[in-house]
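So, here come the structures, one by one.
Note that chain A is present in both complexes that follow, paired respectively with chain B and with chain C.
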Partner chain A sequence: MSLSIPLFIPLASGLLAMLLPRGAAWLARQLVLGGTFATLFYVVAMLVDFDSSAKGLQWVTRENWIETLGIHYSLGVDGLNLFLIAVTALLFTVCALWSALREWDRPRLYYFNLGLAETAVLGAFMAQDLALFVVFFDLMLVPFYFLIGVWGRGERVQATTKFVIYTLVGSLLMLAGAIALGVLSTPDGGQISFELADLQRRTLGHGTQVWIFLLFAAAFLVKAPAFPFHGWMPDTYRATPTPVLVLLSGILSKVGAYGFLRIVLPILPGASSTLQELMLVIAVVSILYGSVMAFSQDDARLVVGYSSIAQLGFITLGIFALDPKGAQGAVIQMVNHALVVAGLFFVIAVIAGRSRESESLERLGGLALRAPVLAALFLIVALATLAMPGSPNFVGEILILFGAFDEKIVYGLVASAGVALAAVYAIRLYQRTMHNRVGPDVEPGDLSWRLDMPAIAPVVLVLLALALYPQFVLHRTEATTTTKIAAAAAKSHQTPGPDRTASSAGAPDQSQK
Partner chain B sequence: MILPLADVPAPHIDYKGLSPLIALVGGTVLVLMAALLRGRFVQRSLLPLLTLGTLGAAMGLSIWVWSPGDHRPIVESALEVDALALSLSLVFYVAGIATVLLAHRSAALSDAGAGEYYTLLLSSVTGMVLLAEAANLITLFVGIELLSIPLYVLCASQVRRRASLEAGLKYLVIGSVGSATLLYGLALIYGAAGTTSFAGIDRALGDTVSLSDPLLLTGIALACAGLAFKASVAPFHQWTPDVYQGAPTPVTAFMAVATKAAAFAIFLRLFDSALLSAQFQWAPALAALATITIVVGNVGAIAQDSLKRMLAWSGVAQAGYILAGVVVGTQKGLEATVFYLLVYLLMNVAAFAVVIARERVSEWGDGMRALEGLGRAAPWLAWPMTIAMLALAGFPATAGFIGKFYLIDAAVDGDYAWLGVVIVAGSMISLVYYLRVVAVMWMGPMEVRLPSLPGRPRTAKPVGGWSPEADAWAQPEVTLVAVACAAATMFFGIWPNPLFDLVADVGTSLASLVG
Partner chain C sequence: MTSTWGWLILLFPLVGTVVISLGYKVLPGRLAGWLGSAAILGAFVCAIGALLSIQDRTPEDRQVVSTLWTYASTAKVDVGMTILVDPLSVLMALVVSGVSFLIHVYSVSYMGGDRGYARYFAYLNFFVFSMLLLVMGGNLVLLIVGWAFVGAASYLLISFWYRRGTATYAGLKAFVINVVGDIGLVVAAFLLWSKTGALDWTGVFRGSHEAFHTNDGVIVAACLLLTVGAFAKSAQVPLHTWLPDAMEGPTPVSALIHAATMVTAGVYLIARTHPLYELAPTAADITAVLATFTFVYAATCAMAITDLKRIIAYSTISQIGYMVVGVALFGYANGLFHLMTHAFFKALLFMGAGSIIAAMAGEQNIDRMGGLRRAMPFTYVTFMVGSLALAGFPPFSGWLSKDSIVAFAFDRGGWYVAIGVAGYVAALLTAFYTFRVVFRVFSGEPVEEARLLERGELAHAAHRNPLTGEEEDTDVGFPGPEHHIAERELPMKFAMSLLAVLAFAGGTIGIPDVSDVLERFLEPTFADSAFQGVAPSDTAEWIGLAVGAATAAAGIGAAWLVYLRRPGLSLELARRFPRTHRFLERRWYFDELYDLTVVRPLQALAAFSRRAIERGIVQGLLVGGAGGLVRGGMTIARTIQNGYLRAYALLLLTGLAGLGLYFLLQSS
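After this line comes the complex of A and B, so read on.
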């Protein structure tokens, strides 16, 4: 199986859709929908075919792309990105479906951007070369810039500009960091290479590691978003059209967290262990801040938006606990959160459709009796959000907390408060929209089986499947996540203080460049 | 009478190496002569075709002469042909061809007379080629004057427009100051080194001339300032927005890409070859200039409403990025600089072509609003502009990304990691104005309300300023230039290896850097 096929099918279908003549614009949706389905089938085949006992990468594609700069077109899948790729393919299919059931202005451009977005995100998840990762990471912004700016609502142009500038500031810093990493780790007389495996073998002085770590962290934390870097979130979430919001919040936010596991921890182990405390503080503050903000918001979208900050805080906590259980919990939680957020935003969109497009909790309420199916689906998703035992999120959060308790008990204790707070905002969101008196804007009605169900049902079904059989994910992710954090975990156990870490990380290297 | 002259040793001339220049000069004369013929066919069709033919022939001959790693003195100790000169000559020729196409319907052409216009253009290109091949200080100065003087006239060629005349005058005054400063600097360098040849200066430096010789250092500083005028490097950039805006837009496009490339050709020859031993002295100063340029250019561009001014400021900022490649004084820096100049040509010409297409039909002229709703009205223009803006901003899958990547790579590799970070910081600021252009084209209102009978609102999809003349294919040659350049920008963003092969040849051309 070649990874290039699922990677480029969406873009190819998008390009075809773009090039359709004006009269055949209706065909655009079928083309791109077909493309996302084809990718999804391919990815499902990968899930089945995946060898969970293998340690390394599978289905590796490796070609020289730009030889002078040491950049390779290098793709691979292992336990770390397998499920992220799967959930990406699923959510893009679902969003294409949701979009296809509705009318869009300038459909060719819309579906082209959707296809481009899927290729870019899949590329970022599959890339095994740092420069290639950066290329896809930045490329993601282009389709989302258009998707939000052209088809958004309200202050869409301002919102999308803010979003792109915020995130691109992060990713440009990462670009500088990535180039520095490639150049500075090249041994004298050696050939420069951005291949992750090569970078992992090469050593880098501790001081250099620290500033490169900070550049990467800026990119990943903005994308997440984590607490002090979330300034773009409220405006962007308000302006984004629903299917795009599902992708933005469900998938784009995971690329950053994934980047920590794939790139930062294995390549910069010294800096990761030195700056562990800083990252843990950011994680815990994100959890608390996100939760508190989530239950004080009136806009249903922002409740979910801030809850994402909290959830991403959990994921960051799991990663930087530098413990196998924590990291595995983080990976599982990334998948769960993507599904949950998709469900929530679709449900909110359906509710908004029944209430004159209002998403204000003040003006909603009382839908449950008139919309039993919607209420039932919403309940499943809401309970998963608050990590009810029996939901897949429970598995994820408990693993993350175990990891944190093992390594850094203080942060674990504070983070546990987040679990309780999650119950508050999830139940509040459910009550305010479904129970209480019928809100002033509400025109009760259940969800439409034709328009809404095709997108929501798959998400809820996968969520239920994972609840019943979480081992499917656990089993396939365990081996890789453990190896990814091994180096950094070893560094943090090795020495009590950062000073000796610095000397053991190869002080002679510091003068290398 | 002839006999005594025969004893004077004539310099060895390599006519093969000289052939592109001969073609250019011959073509220039031919165009000037042909312009004496009256008649619509000659003025409208024959002259541009002759000009294009001349540039095409020169380009073909350059490729024929191309032999990497070779430094051939073509006129002994005056001109030297190597991959650096040839690759930048390609930039001048392509820019010239694009300018001829873009100017085809320009008012400047009929105002100034087609023959004069094309002749001036060709002589400016000749000056640039001469400059890129210069091997000593005298040829350098002759080249720079030959490129500048026709440009002063070209700027003012739209004689019925005050802004054009003003731009010409302004450019003349500032350009002369720049040339004078440069000449003074070159004279001082000659005074210190005792020779005008670049190779000779390189040998003399650190050998017979002390690197802290005040004469030398003053000379370097003045030469640097003079060149900074030409390359619009801050703080010598103030003329740029005014002249760019005032000049006829095809000329602006030509100046933006070709003059800049020529100025950097000489930056490379003078600093990375002749004065390389003194790198310790000039590099910090140039790095500071690059930083100032990046900041000033990007900040200046933000508030602009005129697209030409915006592109002028963005050009200032881009000059700062390119300067980083000169500062490091390594083979990689040289390659990255040339790579970026090639890419810069493509992105900028695409952008200017769209500006030209729109300013001829839009009531907003070159204002930002001229692009409003272009994504819906004329996708063949909107896409090239979008690609050009994203490329200038450094988005991946465009050649601009690879170019920036290469420059930062060279900066970090040459121990100027902080300059790499400055480039990155500049790119962040630049997003504000590049993305604004994209937003204006694609993100206008979805529907506008039309005046209608009370109670029955009518809405329509807006198509900004559409008319038969505004159609993208009403000016096919302009659209063609835009589409071709944008397509090349995309192509080299995805498959840059041909360009890398080309600049790898260039990397071997400055002997001082090889090794």
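After this line comes the complex of A and C, so read on.
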């Protein structure tokens, strides 16, 4: 199996779609839709074929790209990114499906951007070379810029501007960090390399680690978004078209969290343990702030938007607990959150379609009577969102909390308050749309089996399957996830004291493999 | 074989849920109701199968664990899809499925006119599945899953008539308070896991004996957290405020979930984790004291409020208080005995209340009722049986079961005697408020609705929500187009008759000196308890029973005096002591207290976040700063006649090149 195939199928189909004549827009749609399906099938085959006992990367592709700069075209899959790739392929497929069932202006350009976006995201998840990661990470910005700017609604110009500025600033900081990392870690007389495996073997002084860490953290936290880096979120979420929003909130937000586990923790273990508390504070504040904001929003999309800040806070908490349970919880929670967010935004779009495009909770309500199927699906997704025991999200959350309790119990306990608040905002969102009196904008009707179900059903089915058998994920991710945090966890378990850490960071690192 | 019965118990209601949910559109007439009832009957039959097969085993071998698949096992956390079949879980399964079956049958008629008929039975089946999962779950995580599922089912059924603002609010409140309890359980699970390395019952119990000495700080904390979970689910003070509001749901739901089964889950939890509580007697004592306060408190509230269902709800809170005291004093069989008899008579009382409310066209205020005895003879007789059992009048079941708890408290001696005394005081109040309802509703001058009924008609009214004055939504509203009273519906009669028999005679399995069936049956589960075999002498128990009987008679007599003999007396009392009356009627102002200390501060915090932090800092400072950057960038962009995108691309490229150059120079 070659990873380049699923990686570039979407882009290739998108390019072909672009080249089609103006009249063949329908073919463009079919092409890109087919491309996402092909990738999905390939990824499902990977899931089947995956060797869960292996600790290292599988299906590695490795070519020299820019030899003098030590940059490789290096791809690989292990337990850490396997399910993120899978959920990416799934969500792109359902979003392409959702899009294909609707009309878009300039369809060829739209589908091209969709294909490009999938390749960029998959590339970021598969890349095993830092430079390649940066390239894909920045490449993601381009299609989303167009998708929001051209097909968005309302204040889309302001929204895109904010979105681009924020992420661009983050990207530039990360770029600087990446270059610094490659250059400064090169031993005297050695060859510069950006390959993650090489970087992980090489060592950096503690001070250098810290500022590089901060550069990466800025980029990843903006992408998530975490408090207080979420200034772009409200406007962007309001303006973005539904399928793009699903991808933005479901998939793009995970790249940052994934970056912490793939790059930051293994390569900068000293800084990760030194700045652990800072990250935990950001995580916990994000949980509380996101939850409190979520239950006081009137815009249904923003309820979900702020709830994502809280959920990403939980994921960050799990990662920076620097504990195997927490990290495992974080990984499965990334998958779960992608699924529930997709479900929620699709449901909100269906609701908006039955209420004169209104997404204001004040003007909604009472839809359940005429929309029993929608209400049932929404209920499942809403309960999963609040991490009700029995949902896969609960498995993620309990592992995260166990990890946090084990390492830093105070943060864990404060975060637990977020669990109760999640119940408030999720149930409130459900009630204000489905229950109570019929809102002034509502023209009751159920979801359409032809237009809406094809996108929503797969998401809900996967959620239900994971609810019954979360071990399917945990079993495959365990071997890798635990090694990714091992170095940083070892550092944090040493006797604390910045001087000691700084001096030991200079010496060859014993704890790394 | 035992484990197969165990899994089958769970399978039936689950299949029922799925079939009814998927077939909600095509199931004709009352088929959904009968299907649901059949599924629960299947579970009950399997529970009997489990009972018989477990009795065939030797007493040491009556803890059967069975795992179907690995649920979540990673990083030393190991959770299987596991059930535990032992006398305790079998008893609970029997009570739950048996009472559930009768309430399903009752609902077949009672909900007959409701537009959400299939939805109702899908929810109800889901509830039974969840409750059975809760009691059969073989580890803490599955218990928590069942625990949350019953909470969700309860939420869905509280807000069943979801166009009522009061119903949806009550649902939200119940859900959130229950989540607080869930968090307690999760943290407790962590504490236990961190010291014992296990989450399954046997592992946790075995590990705890090695890891903890008596009253070890961690085990006390863990037990107190379990108590938080138990109190949230069982509506004990201070987490009780959701249960009276939960009466917004259909009356059979109140009977099943909010009286007979789900709310007793806290009692089950403490009984199940008894090895832990015995290691943490301090936590057990705190639990017992709070529960004692609860049963007195709830009894005082029930004396003043006028909503029929809410009176019974406070009575439920009070009776669960007795059960919690029973298990927290380590008299497990007593607590579970009362749990069982209470399930019978309280379900019966709620069924009667449903019939009364239907006859009153949705009216629930007992001050507006009266003289229904002649119009509703069947309801009257069964309601009377339930009331006598609740009041603890001999020889009804409640008399035996409640007194076993009180007698055990006296037997523990020391300050536990105070709990016993409180038990009698509350029993007096219980008898009083119970017969206040009976006399108010059935005696006196017949009201208009009663006269209509005697003429063979049934009252109908355009109904208003008594709490808000809002006119009910007729699409998803209460009451529906038709009402059903027990006198005219065979299924309702059947369910109520059977429960009346059980409420009368259910106590026979625990008569001191005569039969200790229940205690002996439960013995294998509690064999490891230090209090196994500790019990008051038969003489002491009979003295206690005599005192209990006298108390009940006194309470009933007082009610007779106040409400029948001198009808004006109650009003006069309320006038004479307006503050006390108001204090009781407002339920000691707990709701107001929480509104002031939790709800409002959170809303204020949200408003502050929205106005100050979000607008001032996140949008103002950070974005303003970035916005300034944008404007600067745009000016540059305009001067070189570029679009924004090109400017950004340029910016990106320049930055990239500059940085690359810098580091290349540095490294060489």
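Keep this in mind: the second predicted complex is superposed on the first by the 506 of 513 C-alpha atoms of A that agree within 3 Å, B and C clash if a C-alpha of one lies under 4 Å from a C-alpha of the other, contacts with A are read in each partner's own complex, and residues count from 1 in each chain.
As a convention for this text, a residue touches a chain if its C-beta (ideal position, glycine included) is under 8 Å from a C-beta of that chain, and two chains touch if they have at least 3 such contacts.
Keep in mind it's a predicted model, so treat the numbers as computed, not measured.
K.L.:
Applying the document's definition of touch, where does A:L369 land relative to chain B and chain C: first, second, both, or neither?
P.N.:
second
K.L.:
Between chain B and chain C, point out the one touching more chain A residues.
P.N.:
Between chain B and chain C, C touches the greater number of residues in chain A.
K.L.:
Looking at the overlay, what does A:I66 touch: chain B (first), chain C (second), both, or neither?
P.N.:
So A:I66 only meets chain B here.
K.L.:
Quick check for you: in the superposed arrangement, does A:F213 touch first (chain B), second (chain C), both or neither?
P.N.:
neither
K.L.:
Quick one: classify A:T482 as touching chain B (first), chain C (second), both or neither.
P.N.:
A:T482 sits against chain C, while chain B stays out of touch.
K.L.:
Which of the two partners, first being chain B and second being chain C, lies in contact with A:L474: first, second, both, or neither?
P.N.:
After superposition on chain A, A:L474 lies in contact with chain C alone.
K.L.:
Is A:H435 contacted by the first partner chain B, the second partner chain C, both or neither?
P.N.:
Second partner only, chain C.
K.L.:
Under the stated touch criterion, which partner chain does A:F112 make contact with: chain B (first), chain C (second), both, or neither?
P.N.:
So A:F112 meets neither chain B nor chain C here.
K.L.:
Is A:F260 touching the first partner chain B, the second partner chain C, both, or neither of them?
P.N.:
A:F260: touches no partner chain.
K.L.:
Touch check for A:M388: first (chain B), second (chain C), both, or neither?
P.N.:
second
K.L.:
Jot down the residues of chain A that show up as touching in both complexes, chain B in one and chain C in the other.
P.N.:
Residues 138, 145, 161, 164-165, 168-169, 172, 175-176, 179-180, 182-184 of chain A touch both chain B and chain C.
K.L.:
Under the stated contact criterion, what part of chain A meets chain C in this complex?
P.N.:
The touching residues are 138, 145, 161-162, 164-166, 168-169, 171-172, 175-176, 179-180, 182-184, 186, 192, 227-232, 234, 289, 292-293, 295-296, 323-325, 328, 366, 368-369, 372, 376, 379, 383, 386, 388-390, 394-395, 398-399, 401-403, 405-406, 413, 416, 419-420, 423-424, 427-428, 431, 434-438, 469-471, 474-475, 477-478, 482.
K.L.:
In the complex, go through chain A and note every residue touching chain B.
P.N.:
66-69, 105-106, 109, 131, 134-136, 138-139, 141-142, 145-146, 149-150, 156-157, 160-161, 164-165, 168-169, 172-173, 175-176, 179-180, 182-184, 513
K.L.:
Which residues, counting only chain C, touch chain A once they are in their complex?
P.N.:
It is residues 21, 24, 69-77, 119, 141, 144-145, 147-149, 152, 155-156, 159, 162-163, 165, 168, 171-172, 175-176, 179-180, 182-183, 186-187, 189-190, 193-194, 473, 475-476, 602-603, 605-607, 609-610, 613-614, 617-619, 622-623, 626-627, 629-630, 644-645, 648, 651-652, 655-656, 659-660, 663-664, 666-667 of chain C that touch chain A.
K.L.:
Tell me, which parts of chain B touch chain A in their complex?
P.N.:
Against chain A, chain B makes touches at 335, 375-376, 390, 394-397, 401-402, 404-406, 408-409, 412-413, 415, 417, 420-421, 423-424, 427-428, 431-432, 435-436, 438-439, 442-443, 446, 461, 496-497, 500, 504.
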